[in-house]
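Okay, so subunit A shows up in both of these, paired with subunit B first and subunit C after.
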Partner chain A sequence: MKEVKRIASLAKLSIKENELESFVAEFNKILSYIDQLSKADIEDVSPYYELNRQDRFREDVVESYPDEVIKKIAPEESDSQIVVPRII
Partner chain B sequence: MQLEAVIGLETHIELSTKSKMFCPCSTDFGAKPNSHTCPVCLALPGALPVMNKQAVEYGIKLALALGCDISPVSRFDRKQYFYPDLPKGYQISQYEYPAFIGGTVELSEGKRIHLTRIHIEEDAGKNIHGAGADNHSYVDLNRAGVPLLEMVTEPEITSPEEASEFLRKIRQIVRYLGISDGNMEEGSLRCDANISLKPNSSSTLGNKVEIKNLNSFKHVEKALRFEIKRQKELILSDQEIAQETRLFNPHESVTYSMRSKEDSFEYRYFPEPDLPLLKISEEWIAEVEKTIPELPDDKKTRFVKQYGITDYDAGVLTESAELADYYEACCKKSANSAQIAHLISTELLAITKKTGQDFSVVKPEYVARVSELMDKGSISIKIAKQLFPMMAETGDDPDSIIKKKGLMQISDSSAIEKIVDSILEVNQENVTKFRAGKTKVLGFFVGEVMKKTRGKANPKIVNQILLKKLNADNG
Partner chain C sequence: MNETIAGLKAQIKSKAISAEEIKEILLARIKRFDEKINCYLSVEFKNSRHGDPLCGIPIAIKDNMNIEGMKTSCASKILDGYVSPYNATVIERLANSGASFLGKTNLDEFAMGSSTENSAFFTTKNPYDLTRVPGGSSGGSAAAVAADLAVAALGSDTGGSIRQPASFCGVVGLKPTYGRVSRYGLVAFASSLDQIGPITKTVEDAAILLEAIAGFDPKDSTTSEKKTEAWSSLVKNRPERLKIGLPVEYLNGEIEADVAEAVENAAKLFEKEGMEVKQIELSGTSSKYAVADYYIIAPAEASANLARFDGVKYGYRSKEAKNLDQMYKLTRTEGFGDEVKRRIMLGTYVLSSGYYDAYYLKAQKVRRLIYNDFVSAFNEVDIIIGPVAPTTAFKIGEKSTDPLSMYLSDLYTIPVSLAGLPAISIPCGTDKKGLPIGLQIVGKWFDETRLLQIANLFENSSGICHRTPELFTEE
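And now, the complex of A and B:
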């Protein structure tokens, strides 16, 4: 229960008290599902992160993005700056 | 109880690549807000980051210069936190497997500060917060995604002065390497400091306090000085030091609490699935090694040896690679390298510092010429001192200034004799004093001759003639 609350606060989600119980149940279900992984035999398997894109680099060349994306995606904008509720 | 400060620094170095770390947006400073953004640095769905080769190369350069171990394979991780300067909700950084490990930075007294690691990451955007009734913040993401190196030291720094010397040294090295402009004011060099105090009889450390966002050498020193005083007072009055993050208020030179350990971030790092592992081959390192220039410490040692100048002058002249090159260009034109070193460090730099000009307004051959004219006895050091401000102002060469202003030294003995005679005549009182054994008044006479000739009389000849006249009539 405490853990669910902490995770919710880290994810900036507000969970109502009466929803907590059901979340705990769901979390447990997910965790037990993940637990299956730890049962796998990985004795002879080395870690694998590699995507099939060896040494993919860009040269240091500037390209400007043609559209002003910001105007399309920012809910509110002032002098090209994105406007959000005051942070501090 | 003696308390010793234990300081570790985390320094962020903004790299001077043309484009960002993972997308081709420009890194130019001061552009219209959000004009340097694209789907990658705005974290639009489906956009994929691609590593900037140059940024990695700059990292390799610094690692080679500081003697770090270069990991053949390192990895990018996601560091999660919520703040509107970070569109993705995470920063791409390196956590478990940094690209560069270890290394040292040597300070002037020979003390070596060991590095824990240097890793590659991306910068965040910038927020401006509304004041007063304006309850909005304004977000500019031009800086989001600009490549950074984060350098972490071991807690081996023991004073605020040492911390700022460390940072100056880092700035000097990154500028020599040409990987960052190192401007603290523009945020190209930023620093967080960890500090705790320990009784010097004990090996246990007090609780650690982190001071964030120190953006000038002065701030670093002031914040640490305040923090040492604050922690000392707490310890001596038996109060506990809270483990926390603090910010520095430059207006009052104090630090204040930003957040305590309890609500500190949990970054939940995990491997960045959008990027391949970063592989740095021996061949690549060898390639980069060829581009490493002579570093400041080596250059300084060479200058002392090759040009026979003082340690101090060599330190001043190797402050930047540009100044060092300038000095060497002067020395190519004239042989008196020690005199040239002195002219640059005391005359040229003094005047250009005052006017805010770059030292290069005076051409290297002009400095060489001034030194040559001094060697020939055509001008005195006094005239040389007058020449530098005039050369800086007009950009003219010393010969034409000397001609125009009539500054050529008077070495003609008969002319000087006449002047000396006239001065002795109106200062009989001092002549008597001299002859009574008060030889100190010689200085007075030299001064009078110089005044009359506006500094142009050859001081050696003036001395000779004065002594001859004062002593000769002494019988």
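And now, the complex of A and C:
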């Protein structure tokens, strides 16, 4: 339960006290299912990587949206600047 | 109005109908029938230039793909108020191919689920039985096509999210090879697995849409530079004598008798058509460990991808927060639904310090074994067939309280996704309740051509194809 709270905090989530017990039970059930992977024989196996993986570079050019877009989609803005709660 | 893209295109060319009339008919049908199944999150028509090859025919889009000027919700409260300032590459390409857009379809929140019950707004119902799920996560797209409230649609598939709803709704669903279609503008769930594909009434229509959307995109570095094919015409060619593999373990597990029988009948039909059908055995890694493997890899990637939903730049922001950290936590806690939270938690856990080797690294190694399984299978055969899902559409509420049982319902589609292979679900019969059964056909990497041809052969030879359910036919 303590572990679940720690993970929630890492993920920036909180789980309500009254839902914690059922959440933990469900979580453990899934983890124990996932744990069957420990039986797989993976000695000398290299990890999978993407099929078409290759580095592709593009010019490092800043692309920005017009001010109207920020006005339209930001939850809070002022002069087309995004506003967040005070941090200092 | 039970029309296909190919059929409508011919009618538009001969002036028997106009794109405008098609639009009016579909909007009227949606108005009349959508309240029965709730497959659309928003109906908002958007025109493009009406040219060849799609001639203005409207396509429905799963609501995790961005269309400029329209809401993208991912069926989540956390995107409340978000109107996309840009087009996904698939939208650009469809528009350039002359398609119009009909609206955005329902899904499980952020495409996490197999029933659309995880939508934050409402559950879509199966057009063949309103007490059952349409499958998921592209359940809205599949139900819309099945009920003939769309000519065709796009869905996205991470572990089966195109194929399983297509199977449950008796339509065609194609998941292309990983890297075939650009993911730019598709809201990311698990980036090494996500792939956009068509949901249609016929195999030919799937080929037409694939041709329109596929190909390298500089905006998605995982797209392949392999050249695309003229699938819309190639699909009609009869494939040469192919070796078709039927994995024995697929029909020996916990699978409904009607489903197993329909798949066996499909195998017989292929034999009758001159194909060589042989039983094959995947080494067991894929069937034994794939679901567990997927539920490490997909949540791990999701937990990273969904970190962007923090209330800062767009979408929902909690009003209660007094400082930045609270704003993140409250926004995410109030904005995400239970299943999304569960997967973010799982992903955060398996990636957290001290657990990476035990979970994620091990999962990537097992994924390699699953991939190798298919490499050896495809040394023996050209095509693999099997069921899409172990059952037909299940009841609304039947699995929603037991996430693990929901996860296990994707056991036949997940291995294919982990290996990055192209696969199609096509109708291959109905069960005793009259519900559609899907046949999964899996091709070699980037061999969509033979995949579509063999699917088209089955469709023509079996005569089994989409029919509009009775509830949705005009009297």
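Keep in mind that, in the parts below, the second predicted complex is superposed on the first by the 72 of 88 C-alpha atoms of A that agree within 3 Å, B and C clash if a C-alpha of one lies under 4 Å from a C-alpha of the other, contacts with A are read in each partner's own complex, and residues count from 1 in each chain.
The working rule: a residue touches a chain if its C-beta (ideal position, glycine included) is under 8 Å from a C-beta of that chain, and two chains touch if they have at least 3 such contacts.
Since this is a predicted model, take the numbers as computed values, not measurements.
Q: Once the shared chain is lined up, is A:Ala8 touching subunit B (first), subunit C (second), both, or neither of them?
A: A:Ala8: touches subunit C, not subunit B.
Q: Quick one: is A:Val69 in contact with subunit B, with subunit C, with both, or with neither? Answer first, second, both or neither.
A: A:Val69 contacts both subunit B and subunit C.
Q: Please work out whether A:Asn18 is in contact with subunit B alone, subunit C alone, both, or neither, and reply first, second, both or neither.
A: So A:Asn18 meets neither subunit B nor subunit C here.
Q: Could you look at A:Arg86 and tell me whether it touches subunit B, subunit C, both or neither (first, second, both, neither)?
A: After superposition on chain A, A:Arg86 lies in contact with both partners, subunit B and subunit C.
Q: So, does A:Arg58 touch the first partner subunit B, the second partner subunit C, both, or neither?
A: A:Arg58 sits against subunit B and subunit C alike.
Q: Count the residues of subunit A touched by subunit B and by subunit C, then name the partner with the higher count.
A: Comparing subunit B with subunit C, the partner touching more subunit A residues is C.
Q: Have a look at where A:Ser78 lands relative to subunit B and subunit C in the superposition and call it first, second, both or neither.
A: first
Q: Can you pull the subunit A residues that subunit B and subunit C both touch?
A: 10, 12, 49-51, 53-56, 58, 65, 69, 73, 82, 84-87
Q: Which part of subunit A faces subunit B closely enough to touch in the complex?
A: Where subunit A meets subunit B, its residues are 10, 12, 49-51, 53-65, 68-70, 73, 78-88.
Q: Quick check on the complex: what are the subunit B residues that touch subunit A?
A: Residue list for subunit B touching subunit A: 17-19, 24-26, 32-39, 42, 44, 50-56, 75, 82-84, 127-130, 134-141, 266, 268, 271, 273, 275-277, 279.
Q: Write out the stretch or stretches of subunit A touching subunit C in their complex.
A: It is residues 4, 7-8, 10-15, 23, 26-27, 29-31, 33-38, 40, 42, 45-56, 58, 65, 69, 72-76, 82, 84-87 of subunit A that touch subunit C.
Q: In their complex, what parts of subunit C are in touch with subunit A?
A: Residues 81-83, 85, 177-179, 192, 218, 221-225, 285, 288-289, 291-293, 295-296, 303, 307, 310-317, 321-330, 332-333, 336, 341-342, 344-346, 348-350, 352, 358-359, 361-369, 371, 403-404, 407, 418, 420, 445 of subunit C touch subunit A in their complex.
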